[in-house]
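The same subunit A turns up in both complexes below, where it pairs with subunit B and then with subunit C.
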Partner chain A sequence: MTGSLGKSVVLWSVVACGLVILSAPTLVVLGASFTAGNIIAFPPEGLSLKWYSRIAGAGDLWNAFQRSLYVAFVCTLAAIPVGTLAGIALAKYAVRPERTIQVYLLLPFTIPLIGSGIGLMLLFGDLRLLGQLWPVGIACCVINLPFMIWAVMASASALDPELELAAASCGAPPLSTFLHVTLPAVVPGVISGSLLMFILALNEFLVSLLLVDARIVTLPVHIYNSIRSIITPDLAAISVVFIACAAAAVLLLDRLVGLEIFLKSK
Partner chain B sequence: MERMKPAFRQPQAAEDRQAAVSVRGVSMVYDGVHAVRDASFDLAQGKFLTILGPSGSGKTTLLRLIAGFLEPTSGEIFINGRAVSAVPPHRRSIGMVFQKLALFPHMTAAQNVAFPLKMRRRDARTIPERVERYLELVRLGGLGGRRVHELSGGQQQRVAIARALVFEPDLLLLDEPLAALDRKLREEMQLEFRRIQRQLGVTTINVTHDQREALVVSDEVIVMEAGMIEQNASPLDTYRAPATSFVANFLGVTNRLSGVVTSLDGDRIGLLAGDHLMVGAAAGPGGSLQIGARASAAIRAEQIRISPDLFALSGLETVLSGTVSDVIFEGDRVVYEILTVLPETGPLRVFDHDVGSRRQYRAGDAVHLGWNARDLFVYKADPEPAATKPDRGD
Partner chain C sequence: MDALEAAAAVVWPARFAAAVPYLMLAPAVLLVGLLVIGLAYIGDTSLRTLDTSTFLLSDDYTLANYRRALSESLFRTVAARSLQASLIVTAVTLLLAFPYAYLMVRTPSAALRKLLLIALFLPFFIGQVVRAYGWLIILGNQGMVNDALSLVGVAPLRLLYNYPSVLFGLIQYMLPFAVLMLAPALTAIPEELEAAAHSLGANWLRAFWHVVLPLARPGLVGAGLVVLTLTLTDFAMPAILGGGSQDFIANAIYDQFFRTSDQGLGATLALLLVAAGSLLVGLVLYLFGAGTLAMGRRR
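Right after this comes the complex of A and B.
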């Protein structure tokens, strides 16, 4: 009698619990950023936008944010051609050691970031690239590339192979077939992968920490440095800006290609 | 409308009599399996050929070999006298309509039709006019701006046809494009293919497992089974004189019989089934039947006469009695299933097209059956157990 009611009460409580746990950090930071007081606290003491005006006027923060944007652009620009081609190749062709390549693609996740960070630091040090910003973008691209590849693979494996045969029978040589048929079909995957790469690079902390020096800190590293001295509510305000960036990317993604493909990309 | 019609292909001059397509001893082996085994045929300019066979018979493989998507293991294919094995598909002048149509989803109907012209670097100024002309040919005039997903199934078929024909290919290939359509639309599109093919005179090879389609649209039919060409003839001859027992059973609704040869008199064969003597006609390669050897025989459901009265069948060379076991009303005909005394034979299916007839049999009625000797095709016994028959022809 009450069995189904009981079941739905339990289910909904679990869902509500999950939602609260997932969103709690965001809500706390959001609340704390609007505090009128001088120390970071939740619930906030009063409401004001003063910490937002403070960060808007802070030149060092803006510079760090712009550097983070630059890193994210470099990372995305590098990831688009590499990830697109690799994703199409893995989805379409019987690449010989396919399993090996899949495992290799997982390496960035299985190796702790601190490990890859140190490796990249040594490598870039040998190449005398440390102290510049663009190698940080490349490093972010290297460690997050699997996301790009998977997003493209999801699109490419949904591509009907007969489309490429049809292009050939229309007289299209292989390169034209690729440009006119294969590439347009994977564009949704490329868009979702690119936005993901952009956000991941924008937020990337640990690897950046190892690769930047004091003159070229990115925003997450800047925040970290600030936390070590004194925790003020402007950090919460910065975090909210970050969250807003991520939310904007997700909305953009939904607008451009719909979220389904993003959610399907493993 | 008349002046908009795409240019007719002139009937080829006498010196241009070479076959449009010539397949010479082509075999295709994948992973040790012979998908196509030593296939050879010639197709004259402007003809409509259908390759008919059950799934797995190698018909699609043969089509893909001609299209250039596969390379034959041995043998050679000539298109207009030119050997094409070394020519990649995009350099062969072949239009193709695919099973799933393979229209480019990110383009409009008109962009799909324009694509082959762009790829073949036709003069850009002439493209829009030509695209519109071909859209009108397939009765889609004015719909060029629609996206592919905004078109109905039948309209998508038409776009695919226009895309395959717009560059005036030497050859049109159809890879079961009608298989996914419902019956009514399929029959409409069969006639549409026929109309367009006749209007343009383009040499066409169609692949299907639908015997009705093969008979309706084609000038010539090739029946394939297990990678081999069983028969290559006109639709009428394929139906009337099936060369092998596979062809006899694949086309039409056919009853399968078997027996031992007791007499050979020219084409007339005496066949003993149990203790019943039947008279049939030798079919297929001559000289393969021997007295005392087993033979298989086939008779079409429409060639068997049925009567309650034995004397009504007195002119027929074979007569036997049986009992009605089932009556199936199919609208334009009644199918009777008749249990007979013949051994190793299921109920015989017999058509009665005179649906309004006052004679209606019911299950359990005793009846007599009879047929003419020329309607019972007798073949050398099948080496293997009977090949499975596809669905009853609709």
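Right after this comes the complex of A and C.
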């Protein structure tokens, strides 16, 4: 890096500030979950695992977590075929009208979440689907679908089209070419995209809030409802479950594709 | 395999090949279609008023909800608050995100790059509710900051349930989005260009202002757009850190549906928000191009 002392000082102080802001809530929740006291206090009243044993016995928290897992699975299972096919199509073919299709497929990001959520709530209500969990998974899939398409597209456009032509000219019929050349090439994109879809659905709050009722709350909604009444350390302990899931996802993503992939320019 | 190929050839002869990409896109188009149908439902509901005696929506269409939404001062206050917040949050977030992305892209140390990436992705994957909960613990009346202050004899400060705390929570929430949108644009700027500016006598500020910043525009546009619209339409941070006193548009919509049960008015507000958001996105894309948001093929 070229530059002067002044540049380094400015850069580093802003970045340090950013690091503190990014990490503070996570670290504090982690710390609070180990408190021995009945309220979260600073300095903490000693260390203990009692809040973890408390949540281990709390059925409602575990049920909410299992519902979140179910929603995330439904979302990912739907996103894999839909996003993979769309990603390959967009990366390899000149689909017309190209611009319209792009704008249309970006709708999940341009329509505000509250709008998407309310719209799906009205639609699902009319179809008598409210009160079930799988529509929540489908909703999570719709609102995050561009992430999946992007991930697959990145892999698909890295595949040299000559390879598919080579397979065809060696006598491979179209379906074989697709299954043995195209599909394996996009697997890294499919994996990173699925991971992203899974973790985002696990954490999805607003759309969940709009689509669930009191019997089937997901974990983020449960935490939201609880912090509105009273803040106790058992919420910190259950939040650590989310932190652990996020950490696992980051590690996995780094192992599978490398986090540096997000720095690459198109 | 041969049988499969034969079956595929019967179902889908080679002369239909041109339709293949459209067939592959069909599931995604249908899935996103749910949102379009949802918008149609919102549009329909927005034209019906609530009958306060039966608590049912009227059968005939009227524009009364739009008149109310545009004339009542409550909604104007909420809209102004959200808009102001999104401008402030966008400016501060970009200011924080740019040096972060720059250092992350340019540092020669792979370990530092990894650390910065992990610090970015971890909160991104944790979700808004847990992060807001962390801020509640830090800033609450019996929170860490106030406990620390009382140790040195300072009376507790009211740090929560006000405008700045919502803005602060939003900036923390938006930072990963902004950095991840900026980083690819910064990667695309060759380091040699800066070196050239330096060798021609520009100090780092001038090189930054005249070389890096203009070249990073696609990334800045993309990041600014994402932060602006996500802030404008956010629900969780105003709800949790604002404690009901700092509602944004999304909170007002939620209240119309679940507190006042006036679905018609709620749908009207939702549709106006969708329109305002799309207009904003359209305008910025028209003025500055798609930046890092483009979804097309490599050109």
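To be clear about the criterion, the second predicted complex is superposed on the first by the 250 of 266 C-alpha atoms of A that agree within 3 Å, B and C clash if a C-alpha of one lies under 4 Å from a C-alpha of the other, contacts with A are read in each partner's own complex, and residues count from 1 in each chain.
The criterion applied here is as follows: a residue touches a chain if its C-beta (ideal position, glycine included) is under 8 Å from a C-beta of that chain, and two chains touch if they have at least 3 such contacts.
Bear in mind that the values here come from a model prediction, so they are computed numbers and not experimental data.
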{"item": "Joint occupancy of subunit A by subunit B and subunit C, clash or fit", "value": "fit"}
{"item": "Touched partner set for A:166, first subunit B, second subunit C, both or neither", "value": "first"}
{"item": "Contacts of A:249 with subunit B and subunit C, given as first, second, both or neither", "value": "second"}
{"item": "First, second, both or neither for A:176, with subunit B first and subunit C second", "value": "both"}
{"item": "Touching partner for A:49 - first (subunit B), second (subunit C), both, neither", "value": "neither"}
{"item": "First, second, both or neither for A:185, with subunit B first and subunit C second", "value": "first"}
{"item": "Subunit B or subunit C, by number of subunit A residues touched", "value": "C"}
{"item": "Touched partner set for A:122, first subunit B, second subunit C, both or neither", "value": "second"}
{"item": "Lowest C-alpha to C-alpha distance for subunit C against subunit B (Å)", "value": "8"}
{"item": "Shared subunit A surface residues [contacts with subunit B and with subunit C]", "value": "173-174, 176"}
{"item": "In the complex, subunit A residues that touch subunit B", "value": "160, 162-163, 165-174, 176-177, 180-181, 184-185"}
{"item": "For the subunit B and subunit A complex, residues of the former touching the latter", "value": "67-69, 88-91, 94-96, 98-100, 102-106, 115-116, 119-120, 163-164, 167, 173"}
{"item": "Touch list for subunit A against partner subunit C, complex", "value": "1-4, 6-7, 10-12, 14-15, 17-19, 21-26, 28-29, 32, 39-43, 78, 81-83, 85-86, 88-95, 98, 101-102, 104-108, 110-116, 118-123, 126, 138-139, 141-143, 145-146, 149-150, 153, 157, 173-176, 199-200, 202-206, 210, 220, 223-224, 227-228, 231, 235-236, 239, 242-243, 245-247, 249-250, 253-254, 259-260, 262-266"}
{"item": "List of subunit C residues in touch with subunit A within their complex", "value": "1, 4-5, 8-9, 14, 17, 20-22, 24-25, 27-29, 31-32, 34-39, 41-42, 45, 95-97, 99-100, 102-108, 113-114, 116-123, 125-138, 140, 142-144, 147-148, 171-172, 175-176, 180, 183-185, 187-188, 191, 194-195, 198, 203-205, 208, 229, 232-233, 235-236, 239-240, 249-250, 253-254, 257, 266-267, 270-271, 273-274, 277-278, 281, 292-298"}
